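Got some structures for you, see below.
Heads up, the next two complexes both have chain A, just with different partners, chain B and then chain C.
Coming up: the complex of A and B.
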């Protein structure tokens, strides 16, 4: 146990890095994904095509490849992120947004079409009916799939370890290599840290689901 | 584009390796006979060697991404100095090259592989240190490496040693001994840690970092891949004795490997293995063999 106490600061910082990676990317992905979902159901064909292209591109590209491109590829078009943490946030949120988009879109499809028609009958335009009538109902339906996307994102942050971000996985490698005699302890500590994030998320998602579910 | 360049670098390294083995020309056949397979071997029943010979297979953990020491060729077979050491050991046990099964080991999983018995021995640029000795045993050393620094060609920052790294961004690999060394002894350098050294080389070419540091043998492999862009400072500042890892308590096997190594130091097969692998890439003569440490 003294081993864990000795490395407490390192593990705590890594935990906070992983958590902030997940939270920041999660927020960006949620916003971007919602905008994409709105584009995919919009009446303008060009926007629909653009959003479809985005989703199919990022959903079907391995996350590591996205990371690699943002870390080493865009240098050749004279672009670069100021820090490696931001590179990781960009990769994670661009990738996750595609999945958020599809989850939200499935929620939009679940809203009875009569709701949208009624909104239009009241004189609301597309944007108003989407933001005040359709999306609020859609989000209440898609809490479980969005929860899955969030937990997947929390675990996907581990790829940042390979791209110079000192998160939990990076610290796992560092401690495992330096303390071969304590492997089990290192793994237990890191697994526990991930579980704190994912299990507590699952618990919150469960509560949200019960509170927000619509009985149809 | 990045990937094309990688492929080109790898292909170049491949050509160098292929070139040197065909230089050996008629001796290509003979190259194998340097590690002449013993035909008449007898091991005490119950010994580790007897068990391995009985199984007809020597399971070796090695790296497959380290030019000169352990690098998988296009067919997937590892080649390099580490691999040659494994072949020497196998030959003395009467096992042919076909009877060696190579498993990839990365830095973080070498001890577990030995502890769990997934491999019989590990030859993977494996630095002997006391912490590792607590869980496994080492034969050797068979090579003495040292931590060095790689910079952009022309050395624009004029970095001559680790003291010049203060205030600079230095790249290494997470969990590696060199990274730990910089963190502890040269805290004024800011570290960037990837999972493989090739990403460090990329960052050095891009100008994102000013230096890359790890064992000189790894760096020479990277420099050989793009000599126009990268260069080695050539001033090693640590001693990294590379050993062959065996499971803890297998003293008979460890003694046996030590005997094999000492024999190869004397009969020239060790130097010959160097010339064919790491030496062919770096263009350096075989160094003086280190003294085996029978601790």
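Coming up: the complex of A and C.
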């Protein structure tokens, strides 16, 4: 146990890095994904095509490849992220936005068409009916899938370890190399840290789901 | 909601003109950005034909290595897919068991493996298992990690499928005098798998994508191979081919995954037309299945 106490600071920092990586990317992905979903149901064909292209591309690319391009590829078009952390946030949020978009779109589809028809009959235009009538209802029905996207994102942050962000997985690798005799303890600590994030998220999502669900 | 049309009126002539102008401007903007990127690439000499030719020149051994890497990727994914599906079906049945001594451990196993990042599982198989005397190659560690993680996810998918099969199916099977294991294996699981096929295939696409994590444990899949090719070629020519090789690896991934996704869509269309499954549908299965991976959620469209 003294081993864990020795490395407590390292583990705590790594835990906070993982958590902030997930939270920041989650917020960016939520905003971007919602905009993409709005684009996919918009009246303008060009916007629909653009959003569809984005979603199909990112859903079919491994996250590792996205990381690779943002870390090593964009140098060739003379761009560079200021820090490794921002590279990871960009990769995670660009990737996750595609899944948020699909979840939100399924929610938009689940809102009964009478709602949108009534909104239009009241004279609301596309933007108004989407933002004041359809999306608020859509978000309440997509709490479970969005929650799953969030948990997947929290787990996906581990890939940032391969790209020089000192998150939990990176610390796992570092400690595992330095303390081969304590390997079980290292794994237990890191897995526990991840479980704290994922299981507590699942619990909160369950509560939100019950509070927000619309019974139709 | 029947398609996006409900949200807006069909545009009239003026709105259409406005949209066309806006779209044209937008396309010009996108083209400008693409052009800007290409210009910077060109300025850095990345677009020279010779640099790309290496990808197709057998004399450099690059196409062979990439093909080999693709085979490696597909191999580990195939092993993972088969093992995860079989184990997932078993776990799904176990979780629905009436015996608490079976159900509780299965629930624990499923929930645990769904909550731990795949990379940590792979590292566990790669670093820890050899210490307790279970020596695994990079291939074994990757395949085992993929299997452990995906069996839990697939178990949940199949369980949701089993629960969505009409109760009448199992009731009539019991009425015919079948035993419980017969009802499960001859009546419920086949229907559940067929019902969940689109979501299952989507998860298998995720598995294929995740095999790129082999990069971190040193398995020679696509990404790792491109990296090692880059290193070898850098040694002889300097960083000439880096960009091209990574682009190639990325494109191969996208191509294979798009093909698999198309397969999923095709299966979805086929099964929804199939009279045998059509008779029992009308249950919105996908939308609220607690899939742990966001990846599969995309299939939740209604």
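Just so it is clear, the second predicted complex is superposed on the first by the 216 of 216 C-alpha atoms of A that agree within 3 Å, B and C clash if a C-alpha of one lies under 4 Å from a C-alpha of the other, contacts with A are read in each partner's own complex, and residues count from 1 in each chain.
In the analysis below, contacts are C-beta pairs under 8 Å (C-beta built on N, C-alpha and C of every residue); 3 or more make two chains touch, one makes a residue touch a chain.
Please read these numbers as outputs of a predicted model, since none were measured by experiment.
With both structures placed on the common chain, the touch criterion links A:198 to chain C but leaves chain B unconnected. Of the two partner chains placed by the overlay, neither chain B nor chain C lies in contact with A:83. In the superposed pair of complexes, A:106 makes contact with chain C only, with no contact to chain B. When the two structures are aligned on the shared chain, A:180 is found in touch with chain B and with chain C.
In the superposition on chain A, contact of A:162 is made with both chain B and chain C.
Of the two partner chains, neither chain B nor chain C is touched by A:128.
If you count the residues of chain A touched by chain B and by chain C, you find the higher number for C. Residues 68, 72-73, 76, 161-162, 173, 176, 180, 183 of chain A lie in contact with chain B in one complex and with chain C in the other. By the touch rule above, chain A contacts chain C in their complex via residues 40-48, 50, 55-57, 59-65, 68-69, 72-73, 76-78, 96, 98-99, 102-103, 105-106, 108-113, 116-117, 120, 125-126, 129-130, 134, 141, 144-145, 148-153, 155-159, 161-162, 169, 172-173, 176, 180, 183-184, 187, 190-191, 194-195, 198-199, 202. For chain C in complex with chain A, the residues that touch the partner chain are 1-2, 4, 6-9, 11, 15, 19, 22-23, 26-27, 30, 36-37, 40-41, 44, 46, 111-112, 115-120, 123-124, 127-128, 131, 205, 209-210, 212-213, 215-216, 223, 242-243, 246-247, 249-250, 253-254, 257-258, 261, 287-288, 290-295, 297-298, 300-302. Partner chain B is touched in their complex by these residues of chain A: 68, 71-73, 75-76, 80, 84, 161-164, 166, 170, 173-181, 183.
Per the touch definition, chain B reaches chain A in the complex via residues 1-2, 107-108, 111-112, 131-132, 134-136, 171, 174-177, 179-180, 192-196, 199, 202-203, 206, 208.
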